[in-house]
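Following: one structure in structure tokens, then a few remarks.
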Amino acid sequence: MHKTRLEAFSDGVLAIIITIMVLEIKVPHGYDLEALRPLVPVVISYILSFIYVGIYWNNHHHMLYTVKFVTGDILWANMHLLFWLSLIPFVTGWIGENHFAPIPMACYGLVLLFNAIAYTILQHRIIKSHGPDSILAKAIGKDIKGKLSPVLYLAGICAASVSSWLSGGIYVLVAFMWLVPDRRIEVLLQHRKEQEAAKEA
Amino acid sequence: MHKTRLEAFSDGVLAIIITIMVLEIKVPHGYDLEALRPLVPVVISYILSFIYVGIYWNNHHHMLYTVKFVTGDILWANMHLLFWLSLIPFVTGWIGENHFAPIPMACYGLVLLFNAIAYTILQHRIIKSHGPDSILAKAIGKDIKGKLSPVLYLAGICAASVSSWLSGGIYVLVAFMWLVPDRRIEVLLQHRKEQEAAKEA
Amino acid sequence: MHKTRLEAFSDGVLAIIITIMVLEIKVPHGYDLEALRPLVPVVISYILSFIYVGIYWNNHHHMLYTVKFVTGDILWANMHLLFWLSLIPFVTGWIGENHFAPIPMACYGLVLLFNAIAYTILQHRIIKSHGPDSILAKAIGKDIKGKLSPVLYLAGICAASVSSWLSGGIYVLVAFMWLVPDRRIEVLLQHRKEQEAAKEA
Amino acid sequence: MHKTRLEAFSDGVLAIIITIMVLEIKVPHGYDLEALRPLVPVVISYILSFIYVGIYWNNHHHMLYTVKFVTGDILWANMHLLFWLSLIPFVTGWIGENHFAPIPMACYGLVLLFNAIAYTILQHRIIKSHGPDSILAKAIGKDIKGKLSPVLYLAGICAASVSSWLSGGIYVLVAFMWLVPDRRIEVLLQHRKEQEAAKEA
């Protein structure tokens, strides 16, 4: 019950975040293809952020699937994550409008970094309340991706002062790393089902 | 469970897409009927896109009704469809502001084409995971509408260079083709119920 | 199942409509009370429209509560209602920005009129599919409010050419008429419960 | 059933309110850190309002958890609360744009005050319909926080004429007071469970 509303609220906020980013793609006054050219960096940054929000929704979805009850701690850790996610449209618009200038690119990475930290905090709170034997704790395992991402974001932030392309490349890399579907939880649930089926037989 | 949240997120995104389009109908400064005249093409494009998003919601609703479980593939195919749907407000605003100029009209068709492709990919992923005997696979059948639409969109894109009216007419035609309610899945579910009732008797 | 998603989608659209209206209350540049004065008509129009959308949500909620299955007809009649509701923010902004000028006031009434018509169509479609013995059919009864509203909206539209205050007064009157909670369906459900309890005893 | 849709609608409106506030953080044209400086007060006001809306969502969530049925009174008391919550983005934008000038700060407090009043009305309506023995009535108890908040908001409004910092400090204080998780309802539910477990043993 509790959980349902937490999911519904998070879904709502994520749906709005992913959709208001499109408002940054301002309708041009011209009516030829030339009029679309200034929009190219805006659209590229939109695509990258769309994928990032999609990844967060996907992982959030899998993580909350394992949650059995919601504490005040979890509620606020989730709200904290939503706060950082809500800043993604701003930095997306900023890098798009300034053609991936160094400082906006570093800020973009910074917001991604804080999102990663907020996600990790939420994960810790859920595991803490559900115990080390919970599905999530086991599914996460060593959480290599989760530990690697902040390091890569930091690398991307530093790289922005050298080259925006390098910085952007690192952010794209992290996105691809997560796009490879995070089947850890799915695999564990599958495994558990098989064990139960074996017991019954 | 899984499916519920996928539907909820898609509903949220679709509800926002259909509603933010209305923000393009900017409140005029004048207060006579004359002030409304520049809005006529904006409103016409809004109506057409409203119907298109409505059709997608309707078909998406019917398609997901047949889904029994959600895989990572389905999640991302759905996200891909939402991406293309999210570009509809942009092209709608563009054709509205430029009184259906040729290049915006072609771009409008292009976005519709990519939506149709993304929808077909989602359909294929669901059928692939649910098997050729699934309700969806049977309900789709030869999928004449689904195969005809991309061809008509292409025709509309090409027609834009000749006449915006012809191009727009083709897009309206496709919308009407889909507005005729897609009862295929409903019919099959009905048929199945009758068979079950017959068995019981 | 079907119904749940129809409700969820309508809730989403209504929640967005009611909230984006607040975007018309533009943040003033000044920082004294004087800066708020131009916002007075905008806020008044916002309050009226907020109440109207609230009434529609409330009645929609009660009406769909009686629905047992959803047909293609109902889906599209609902979409048609959502279309007219989505135009409320536009006319609200228009009357607010132009201090309730006659033509914007008439347009406001026109959009309310079309909303009332769309609501009536949806009601008819539900009753048609659920039969004259359905809860809704009985609860509606003679539907005096539903028949009176369009007449009053028409009166308000005509009155706009004479006096904006008269016109606005009529719209406020209709809102109050509906604000008196529409307990018809509640009463009938209550009645049914009592009958069942009587049978059991 | 009834309750589910009330929650869903409120979640939708709250999710949109919390997210459209971010639209006030306008993408700057510059691309250096200097360009971000004018945004500092906007971001600070966003954080405060984000926390306030989060608190309202959290408390609303807990309060509705205890609700067993929804009356017309509750529906409209909830709508009234949503109205005042919908004004938060406006006053947030106003204090942010004017660097916490006295009159905007007082208006911010005024909107918070009306939110507190609307929340209290909703609480009263729920308790009135569910009886003095309801979970909510017991969980609220003396409702010290609920009675203290309006007094503090009033203090903040008055303090704005002396010092914006004092006024802001009071609003932050109230937020912190509520951020301490409102475990009253959780505690009572826990207590009830234990009693039931004791009875069974």
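In this document, chain identifiers A, B, C and D correspond to the written order of the chains, with residue numbering beginning at 1 in each.
One rule holds for everything that comes next: a contact is a pair of C-beta atoms (placed from the backbone, for glycine too) under 8 Å apart; a residue touches a chain by one contact, two chains touch by 3 or more.
Note that the structure is a prediction, hence the values are computed from the model and not measured.
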**Study point:** From chain D, the most remote chain by mean C-alpha position
**Key:** B
Check your understanding: So chain A and chain D: same face meeting same face, with over half the numbers shared, or different?
Key -> different
Exercise for review: Determine the centre-to-centre distance between chain B and chain C, using the mean Cα coordinates as centres, and give it in whole Å.
Suggested key: 27
Study note, to complete from the structure: By the touch definition above, chain D meets two or more other chains at residues 8, 12, 15-16, 20, 23
**Study point:** Interface residues, chain D side, partner chain C - complex
**Key:** 1-2, 5, 8-9, 12-13, 15-17, 20, 23-24, 72-73, 75-76, 79, 82-83, 86-87, 89-90, 93-94, 97-98, 101-104, 107
Check your understanding: What part of chain B is in contact with chain C in the complex they form?
Key -> 7-8, 11-12, 14-16, 18-20, 22-23, 25, 27-33, 36, 47, 50, 54, 57-58, 61, 65, 179, 181-183, 186
